[in-house]
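Next come two complexes built around chain A: one with chain B, the other with chain C.
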Partner chain A sequence: MVFERYVEVGRVALVNYGDSKGELVTIVDVVDGNKCLVDGAAAGGAPRQVISYSRINLTDLKVALGRGAKGKAQKAAWKAAGTQAAWDSSSWAKRLANKKTRAGLNDFSKFKVMCAKKSKSAAVAKKLKSYKK
Partner chain B sequence: MAIFVATGGPKKAPKTAASKGKSPRMYPADDVPVPKKSRKATKAAPKVRGSITPGTVVILLSGHFRGKRVVCLKVLKSGLLLVSGPFKINGVPLKRVNPAYVIATSTKVDVSKVSVPASVDDAYFARSEAAASAGEEKFFKGDASKAVVSDQRKADQKAVDAALMKAVGSTPVLKQYLNAKFTLTNNDRPHNMVF
Partner chain C sequence: MTVAGVMKQFQVVGRKAPTEEVANPEAFRIVLFAPNAVIAKSKFWYFMHQFRKMKKSTGEILDVVEIVEKNTSQVKNYGIWIRYDSRSGTHNMYREYRDVALTGAVTQLYDEMAGRHRTRPRSIQIIRTAALKTEDVKRVDMLQYTSKDQKFPLPHRVHQAKRGAKALSDRTFTTVRPTTFFK
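This part shows the complex of A and B:
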């Protein structure tokens, strides 16, 4: 297995625990083998904090940043790299957004989603069957 | 001597003159029980939470019809909800339910065209004495008379549902929704769910 995402300055990560859960941050500095300094100034506004690696998920995205870069530099780097747009178009972000939407649906809407899913899978199964013959 | 004659017999209560503002001429020989007057004010009907309005789809949580999604038609004087399935969709007839045992959803059915007969009130649903006192002995013998739905009820149900079905039919999928039972499955957290 080859690693493709590294903990490095400029790496964009998603916080998966705590107050900033679900927010994007940029790694600004590496503290040690367990923690790094992150800042969410360019994205959701998560505060600059030292965070354990177990509480973030690394993304494919990376921006060109100097070590310990402040908010202004981060924003500029994000803008230059088009990071927000790249994240929003990723299937990961879409899945998260979808999950959020689904959680906010009322009972009737959930039922409608269920109906739509059923008719979709029925259509798929029908088509699949026609190919198998 | 004359005094005894005036009483006119031992147990006859004397005529009171209270209505004329006079005190009675005679003191009654026997104590006449008078019911104690209650000082309680007549209680207003319990308030029903704001999320339940006429037309709200509610999920029944207890009783024979638990899990059914039904339409609330109005709040009765007793504070109970008058609901209807409609009967044709999910088999729930016009019935009263305690609002404590329902989940109110945010889905509304337009019931402005549904007119509930004025006779359908709390007394309408009250059980007859005979039905309530039909003992278990009779039941186990097997000769307990079966409950018969009166023609009046059938007619009322039909009248209410006719308009209600029209209102339900105007929203796609709503009919199937009312026909489906509400259940919780794995990872469903009712306190986090939006209804």
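This part shows the complex of A and C:
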């Protein structure tokens, strides 16, 4: 049991509750054992706010930041570390994007997804059967 | 003097009501913490009648202004000196909090005094407040968060989706133990 994600200045986190739900933020300062100061300036969106640890999920990503860094410094740090690209290429982000796309589908698109799924599983089953002989 | 939730800071100015003998009585100003302007005025009269022979029915409030902190983008250390009545006596106390605003620290104070000492808000009087430099912080539990390169994991967490699940909903009972370990 070794921890890999820590609450620390510069840690990138995902908000999982409230108005900024689903947005990426950077921890800019630790308030106490229950809450920290986060800012979504670099990811574009979430306002600077004090947030409880239960309302964020820590990610693997970290940027080099000073304590209480402002929006400009955050943007520079994100750019230097290529954080946005690293996040977008993570399977976590892809899964979230996928969920979002799926949730926005209309009935016909859902039907197309069903057909695609069916043909995929049929192809898999066929290939599997050829190995079983 | 009830307190519900978030505290604000008010400046209240009041004086004795003018009479024919004293047409222009001396005005007094108190800066205090209250959840709203009504309670701020009430607190003003509570403190004022201890200092001078004044009371609400023979006085008037000239002004009530909320004092809003300008810089709420940085975390600061606050020291608060209080006096409070416990079940057995009156005590002075000094406590420290970290927050982005003084009003937030005062709100934390009222909540913590209720939790640790069962103190009701009416029994707490704030004597003095100060924003502290890092080297002036005294309390160990605040000091540990003022160090420059602190880091700590979040062990044993309950998944957010599992929180607040309605009683007897589909999620109430399960045969699978929850995962509380996150990297």
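Methods note: the second predicted complex is superposed on the first by the 131 of 133 C-alpha atoms of A that agree within 3 Å, B and C clash if a C-alpha of one lies under 4 Å from a C-alpha of the other, contacts with A are read in each partner's own complex, and residues count from 1 in each chain.
The rule is simple: a residue touches a chain if its C-beta (ideal position, glycine included) is under 8 Å from a C-beta of that chain, and two chains touch if they have at least 3 such contacts.
From a predicted model like this one, the values you see are computed outputs, not experimental measurements.
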| item | value |
| --- | --- |
| Which of chain B and chain C A:Gly104 touches, first, second, both or neither | first |
| Chain B versus chain C, judged by how many residues of chain A each one touches | C |
| First, second, both or neither for A:Ala122, with chain B first and chain C second | neither |
| Which superposed partner A:Ala85 touches (first chain B, second chain C, both, neither) | neither |
| Partner chain in contact with A:Asn16 - chain B first, chain C second, else both or neither | second |
| Partner chain(s) touched by A:Tyr53 [first = chain B, second = chain C, both, neither] | second |
| First (chain B), second (chain C), both or neither touched by A:Ala64 | neither |
| First, second, both or neither for A:Lys112, with chain B first and chain C second | first |
| Shared chain A contacts, counted only where both chain B and chain C touch the same residue | none |
| Complex contact set, residues of chain B against chain A | 57, 59, 69, 105-107, 173-174, 176-177, 180, 182, 192-195 |
| Interfacial residue positions of chain A with respect to chain B in the complex | 103-108, 111-112, 115 |
| Chain C partner contacts - residues on chain A that touch it in the complex | 1, 3-9, 16-17, 29-33, 37, 48, 50, 53-55, 57-58, 60, 67-68, 70 |
| Chain C residues within the chain A interface of the complex | 73-75, 97-100, 104, 141-142, 145, 148-155, 157, 160, 163, 181-183 |
